[in-house]
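The block underneath contains the structure these notes are about, expressed in structure tokens.
Chain naming follows the written order as A, B, C and D, and within any one chain the residues start at number 1.
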């Protein structure tokens, strides 16, 4: 489990005064970037050095309560299934009183950009994921 | 069924050269806005006049092929389940040779912003949705 | 002179109901991309083939009237100064009754990404710019 | 003078690997939001309570060095001219070794949204701005 906090920005909200849904998935990706950085594998370095990309194969989110401008949000990241060539992350987003705002999940596929094909997850990424995976 | 075409912008793509996943959900929302406009209910007027909002309760997407800068994308919108207070839209996204790039779905809830509670879908919106719904 | 039309999206507007200012500069960049595409030099191909990038050295905008969700906007692109290694574009943005909404300008520098240094504007780009430049 | 630190996100960068210019203006706005919050006037509350909006009348930026994914950026906010109905903020953006990445400025106009017309800057905002203004 890993947690990242962020603040909802004015420009993330729409005329109805609440965060536009796609921005909530951006918050999840921001937490994923911090999860990797905290684990010693910053995404930008990983992509540069490893010559692998990690495009999303799937994303989903369920929104329970509105996110409002100025609000502090805690994003909790958990590792779901770890496959040979892909992995699933799960996200829970909470407000300031730890009220549950949303859940989300993303599936990331390890891809060799030279061929465009899926490839085995790099060992250092696999070991970071396993450290955070739920006990079998 | 309704179709909307758009072009992938340079700034939608990330350092891996492909569209950042959350932008693909933005494309779906853009097609939804055009679907409403084409049906005579522009979202911005609807929200203003009807005093109802239509926040998303759920969104999901599965990405099959990368979206690249400069590419023309066709977004096909279909109406899924129409409930009392919510409805589901389904999206298929195609590239220039009609190759299937992604599927997505969004669930929209009719909410009275004064109370923050769900409320019956407005009649003009319901009839637009029903016109596009698959035969029972 | 080159013109591009676009529609203001719901998610470009903020809780005050008007377009967040940075999105207006995004509209200018979108018009610039279409200007290049129309001139036979799509930005994404140019960067790929020419191994040159065109980062901005400067941007400025003056906002005269609010941009609102759903509004059609015409962006007029003019070529300003063309230097050895940089060029300036000027933008005028108009609403549906051709009311003047904003002006903007961007300065683009031709850079060799291998060295990070400025370099001469590529000949095909220079000739496109000159075709649109005001008479001396 | 007020400082805000933020991290460049993966999705802020474009295929050339550097931050898309309009995002740098978004960073300035984020620092402005934190400047107001730190001064006890969070923008979202101000707009709600005061029934005033603060749309931008002008924005400009000069980019000196590329901003890259993962980089920590310090945004220094200074107050420039304070007028009757508008004020100017100045921004300096620095990288991790305090190298100067960019300068920017924004002019904000106090507007009564009921009439759409400019109006005197609210007293609590004026006193916050004056506290940060350079000596006359």
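Keep in mind that, in the parts below, a contact is a pair of C-beta atoms (placed from the backbone, for glycine too) under 8 Å apart; a residue touches a chain by one contact, two chains touch by 3 or more.
Values in this document were obtained by computation on a predicted structure and should not be read as measured data.
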| item | value |
| --- | --- |
| Touching chain B and also chain C, the following chains | A, D |
| Topological distance between chain A and chain C, in contact steps | 1 |
| Most remote chain, CA-based centroid, reference being chain B | D |
| Separation of mean Cα positions, chain D and chain A [Å, integer] | 28 |
| Centre-of-Cα separation between chain D and chain B, whole angstrom | 33 |
| Cα-centroid distance, chain C relative to chain D, in whole angstrom | 23 |
| Of all residues in chain A, the ones touching two or more other chains | 10-11, 15, 17, 20, 22, 26, 29, 44, 69 |
| Interface residues, chain C side, partner chain D - complex | 15-18, 20-23, 25-26, 29, 44, 47, 53, 55-63, 66, 106, 113, 116 |
| In the complex, chain B residues that touch chain D | 10-11, 13-15, 17, 20, 22, 69 |
| Complex contact set, residues of chain B against chain C | 9-11, 26, 29-30, 33, 37, 42-45, 68-70 |
